[in-house]
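Each chain gets a letter, A, B, C, D, E and F, in the order it is written, and its residues are counted from 1.
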């Protein structure tokens, strides 16, 4: 039994990503979408705390949102995997529930 | 699988209605069912037929109307949220003594019970909002 | 799967600045008629929804906080409030309004609906749900 | 003093339109002038006459229409923001080939130039938004 | 020459209050309105950083918003003064410009 | 007071997730006709508006980032970008698109419109304005 969490806010603007990560359980997945993808950037003031808080959790970003924002995938944390909208659907069906952190 | 979708922010202002649209298209392409999309909070504003986006932008309402028609999606606009925000169909306009209505084809106004029912009857529920 | 699902309403936003808290409560009230297993979670700024003594006359907005006290009548009596969220905001349980329900399985004894839980317990509660609605 | 006001979020969803209302009333009570209120982003949604808030809630549109009438406030709704979001007056509806319009009394649709002009002609500008 | 800054977001949710305070100059005023009033609470995880960041700045809360949210004025930082909507107007006219941190 | 006022457009939000960045730009373009002293400030998540290589085809939303490069033609050539905001986000000036204008006072020499400033300098710039519009 595991949960897919989605986060659509920038962690530099709101506390949502950190709150989400603090409520994840081992085996959960977190998908960063829309402005949430900025949470996947390597070398930012928040990279370390994101990595620490995400221990035991699978981190994903929505490729289309990354591309839209001009962020090179090479600039993302090594822990982050990219998915497209179909991959988003797969994550939803592979986990038992989806929790949107709005 | 049956996937229910909630959209809780208005069109253009937030990306929610766009992301939900691409998500639903992908779910359908993969053979899943999306029996219903529920519009709540400012999400009800997606349903206005009076919007005139610039010609070089997507038309969010039309996109949804077409997708729903093609795939038989039941698009439900929450009546309480819609009344506050000025979204009315012909019946509601008459009942409320308003001289105009603005709901687009393919959307129907109904109660919050439809949201709970969707939660009960689908295998997964995904919310798109702010 | 049985016909009863576990529904969790997650409240993370403060009241009045935005409408989410009020419109969340409207879903809870309608949803109560469906006889599902319902619980509410208050974390992050959502804990501010439950403060006592709210008086909205000055801002001209309807005070919906008394509605929380009516939830027991709708058989909604699991209001989980996260301790860490309270502490970070300088609040204690005493700052929250008292919300009671009558336990039909215990000779209608009056019991508190608010249950203070740790962040780890909140994560467990979330992980037990069938449907999570976020506001 | 002349104080210009911008409202950039929709009614009920955000407190912005309420706070602005109480602010403008207080400014007028203190003898200041509020020559114009400009509605931008989702703020344009304040101007719909189709909203039907619950009877025990304030009616944000009516409050503004009355205040503007009493004090001669020029309430301008940004045309570009309004078109995206489905706010039209009679002229715009005709021009766009739409079969209905929804702007309330006291609001007029005009361009963003009115916002800049307000910034130039007032002594202070205060924005209310999200 | 001084500025009135308004902040309408909770500092527990967004970075807006801290960004505002980091851009204030001596003699400026910051008025907390709407959900922003939570930034005036004493004894929170953010009280100290708010006090430090607000050195040289006058902090105000809008009384009506405090009352609406059930926060006892005695729970606010000693540095914070309450104003009503008319006081809000006075702050606007007393400073040379208003900057809304949206 | 002269007829010319100093207008500052403050951009603190990321593009595409919300419409504020786009609708801010629409005001700037219209405002340019009024011959005021105009500047743009990019701080906090607003710095993300200026990244190069934005490609929005996949999300079906119009890419408005090329419009920033047209601002010089409208005599809008002061785009202040806060260094600390870039650094906190792991960005450098090289991640931003090149935005140039022709300086009519210097024989139409091409010059960069983007000026990286410190947080303290940004605060000074804000304090010099007559009108501040926030997006």
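The working rule: a residue touches a chain if its C-beta (ideal position, glycine included) is under 8 Å from a C-beta of that chain, and two chains touch if they have at least 3 such contacts.
Please read all numbers here as calculations on a predicted model, not as lab measurements.
A.B. asks: So which chains count as neighbours of both chain C and chain E?
C.D. replies: Both chain C and chain E are touched by A, D, going by the contact rule given at the top.
A.B. asks: Where the centres are mean C-alpha positions, what is the separation of chain D from chain E, in Å?
C.D. replies: 26
A.B. asks: I'd like to verify one number: the distance from the centre of chain B to the centre of chain F, where each centre is the average of its C-alpha atoms, in whole angstrom.
C.D. replies: Taking the mean C-alpha position of each chain, the two centres sit 35 Å apart.
A.B. asks: Nearest whole angstrom, what separates the Cα centre of chain A from the Cα centre of chain F?
C.D. replies: Distance between chain centres, rounded to whole Å: 28 Å.
A.B. asks: Which residues belonging to chain C are in contact with no fewer than two other chains?
C.D. replies: Chain C, residues with two or more chain partners: 16-20, 44, 59, 61, 130-132, 134.
A.B. asks: Two-or-more-chain contact residues of chain A, please, as numbers and ranges.
C.D. replies: As it turns out, chain A has residues touching two or more other chains at 8, 12-13, 15, 34-35, 64-65, 84, 97-98, 100, 102.
A.B. asks: Enumerate the residues of chain B that touch no fewer than two other chains.
C.D. replies: Expected reply: 12-13, 15, 19, 22, 41, 54, 57, 80, 125, 127, 129-130.
A.B. asks: Please list each pair of chains that are touching.
C.D. replies: Once each pair is checked, the touching ones are A-B, A-C, A-E, A-F, B-C, B-D, B-F, C-D, C-E, D-E, D-F, E-F.
A.B. asks: Which residues of chain A touch chain C once you look at their complex with the stated criterion?
C.D. replies: It comes out as residues 1-3, 15-16, 19, 22-25, 28, 97-102.
A.B. asks: Going by the contact rule at the top, pick out the chain F residues touching chain B in the complex.
C.D. replies: Residues in contact with chain B: 16-19, 59-62.
A.B. asks: In their complex, what parts of chain E are in touch with chain A?
C.D. replies: So the residues of chain E touching chain A come out as 12-15.
A.B. asks: Can you name the residues of chain E that touch chain D in the complex?
C.D. replies: 6, 8, 33-35, 62, 64-65, 84-86, 88-90, 92-93, 97-98, 100, 102
A.B. asks: Using the touch definition up top, name the residues of chain C that touch chain E in the complex.
C.D. replies: The touching residues are 13-18, 44-45, 48, 51-59, 61, 63, 65, 87-90, 95.
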